[in-house]
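A, B and C are the chain letters, set down in written order, and residue numbers restart from 1 in every chain.
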Amino acid sequence: MIARFSDVVVVYDNFPALAGASFEISSGEIVLLQGPNGAGKTTLLRACAGLLPIARGTATVLGCDLGVDRFSVRAKVGLLGHANGLFQDLTVEENISFWSRLIGASDHDVETAMKIMGLSARLCATRVANLSAGQRRRCALATLIVRRAQLWLLDEPHAGLDSQGRDELDKTLRAAREAGATVVFASHETDRAASLATRRLTVVGGVVSES
Amino acid sequence: MRRTTDNKVTRGKVASAVLLKDVRVELRSRVVTNQVLPFAGLVMVMFAFALDNDDVLQRVAGGLVWLATLFSLFFIVQRSFAIDTQDGALDSLRVAGVDLSAVFFGKAIALAIKLIALDVVLVCGAVLLYRVDLSASGLVLLVTCVLCATVGLAFVGTLYGGLTAGARGRETLLPLLLLPVVAPVLIAATRATEAAFGSGGAQTSEGWAWVGLLAVFAAAFGIGGSLAFGSLIDE
Amino acid sequence: MSQVLQNSSPTGTRATKVIGVCAILVMAWVVVSGLILTPQDVVQGESVRIMYVHVPSAWIAYLAFIFTAVASAGWLLSKKHSMGFDRFAGASAEVGVMFMAITLITGSLWGRLTWGEFWQWDPRLTTTAFLFVTYVGYLAVRRLEGSVEQRARRSAVVAMLAVLEIPLVHFSVVLWRSLHQGATVLNPNGDVKMDDLMLFTLFSGVVGFTLVFIWLVLHRQRTMLLVDVANGQGLDSAIATRRAEGSVA
């Protein structure tokens, strides 16, 4: 059992972004979160990463009770939000090696990640500020790959990527699953995502249900 | 793709990675050199306009250097965290699962380096604009004072900068929180600098006690900051 | 819990009523004694009577500061992070800021009346001014957005940092002022020759102000509790509304 949420409420300034979410995610799944804007998909992903306090209910992710200690789960997950988490003035390679150095990944891991995301040598030497949105997304995904996390949490990862980039992303997510990770991603692209996902959850009004 | 938990990254490695990142970003973007240093220089000139008396300026030069430092501190601290909040890197830092006290030290040392560069310029400005004399023993005192004071300011700046970073409306809180805390640094650094400059007949030997106070301040907030930073930077 | 919030939710209990009555009685005595019964000072004349407000206010201001620090430490160290600690810390800080303002204003007036100066860089006065600004900052931090738990954690840490900062400020100001040996440290309090009645009135003032402080803090932390409960109940209806979003679609 990778994650279990039971009637979880997460609050932003007295607004219940998650209003009693309950679901279970087993190991090795690729779970698609679908739902309208403002439904709570982003909140759900961030809560799984241990970033948000649980106001009500119980949530367990990778063996950590988020109500008691939501800090130790963070090292085990990889989160890719709407923003890319990159430093604009550094090159692609400097960005990836910064994040990899923080978690003790090897140079080999870095090279592999850059190759998987199709980041050429020329691209790696370019400052992030000079990249297109799609290229930045690929760089961000590379920093996620380097983490080799047990649980991958991605918020609309396909956004901004061209069709080649999307294919590479899908390949990467499948490879991650084969290597033993679990993937949860939110997406508006139901067709493509449907072929990728092993399971679909619908998030509406802060509540989760099976599709 | 199981993550090996054996290769635990040492705090030193995390701190140096963060330090290197901050310094590298500054070298590339040159915000401190191109914006903050000119601002500080301008402040020194403005003081001369306002005080309009060579003897007075010479007498208070020490205090003016540190006032200009404090005013510039806000910009440098906010810039230090803007680097991280710009593209959501602060969130990634939180999720990274690293020891946040190591991040604290990395960012603080980077901040201290920028402050030292700033103070070198300000001291030169004081020597040039306010006609201050600097002896050899005074220089030793001054260098020690600048080192201790900037490290203390860097610790406090990183700590409260972390608290006020990110969400809307928090940046304006930084001066309110920071100024009461850095008052001891202002008092001690000014007295030590005046002793180094020999302003108002102060002897160099008098300045060392004040440097001691600066060192105590830096130690206190280095320890306190590393403990508190993790809680303050979390959402 | 819903019983707590009715049309009127009094925050008083038997304890606060008793404390309130005692406070009124003691303060009435202080007013009568301070304004009428005690003699004027040989040097300062009638202006010495400000002392009966200024000194107890200063005492309460520092008591509030210590109380906030202890309550904050309590929150940080307790396993359950009981919110009661956080509410007491916040209430104490609010009341403390008020008494600090009174201390600074009365001290300023007193100095003006006796020595013609609104302000002196006396270490105690200067440190009190810094404490005041620090606590205004603490209250601003309490009002930052976030959940109740986040507010409690942030402000507890800021309060602990204030405990670290205030002695440093005080020490450096004392050292600073000691340089100015020539300038007289004009402290109206130090020059007053106190007879027994004045001393007793001053002591009663301290007791009376302490009772007022306790009474205010108890009521304030209860209103904070009611606000938290109201938010909690508001949360229930907000959750219901939120879930309804889903069923409409």
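Please note the rule applied: a residue touches a chain if its C-beta (ideal position, glycine included) is under 8 Å from a C-beta of that chain, and two chains touch if they have at least 3 such contacts.
Values in this document were obtained by computation on a predicted structure and should not be read as measured data.
Asks: Based on Cα centres, what is the most central chain?
Replies: Minimum centroid-to-centroid distance belongs to B.
Asks: Identify the chain pair with more contacting C-beta pairs: A-C or B-C.
Replies: B-C
Asks: Cα centroid separation between chain A and chain B, in whole Å?
Replies: For chain A versus chain B, the centre distance works out to 36 Å.
Asks: If you average the CA atoms of chain A and of chain C, how far apart do the two points sit, in angstrom?
Replies: Whole-Å distance between the two chain centres: 47.
Asks: Roughly how many whole angstrom separate the Cα centroids of chain B and chain C?
Replies: Computed from C-alpha means, the inter-chain centre distance equals 32 Å.
Asks: For chain C, give me the residues that contact two or more of the other chains.
Replies: Residues 145-146, 150.
Asks: Residues of chain B that touch two or more other chains: which are they?
Replies: Within chain B, residues 235 contact more than one other chain.
Asks: What residues in chain A touch two or more of the other chains?
Replies: Correct list: empty.
Asks: Residues of chain B touching chain A in their complex?
Replies: For chain B paired with chain A, touching residues are 1-3, 7-9, 13-14, 17-18, 20-21, 24-25, 28-29, 83, 86-89, 91-92, 94-98, 235.
Asks: Can you tell me which positions in chain A touch chain B when the two form their complex?
Replies: Result: residues 49-52, 71-72, 74-79, 81-90, 94, 98-99, 101-104, 127, 143, 147-150, 176, 179-181 of chain A touch chain B.
Asks: Any idea which chain A residues touch chain C in the complex?
Replies: Listed in rising order, the residues of chain A that touch chain C are 9, 11, 13-16, 19-20, 36, 39, 53, 55, 204-207.
Asks: Chain B touches which residues of chain C in the complex?
Replies: It comes out as residues 130, 133-134, 136-137, 140-141, 144-146, 150, 153-154, 157-158, 160-161, 164-165, 168-169, 171-173, 175-176, 179.
Asks: In the complex of these two chains, what residues of chain C are touching chain A?
Replies: 145-147, 149-150, 231, 234-235, 238-239, 242-247, 249
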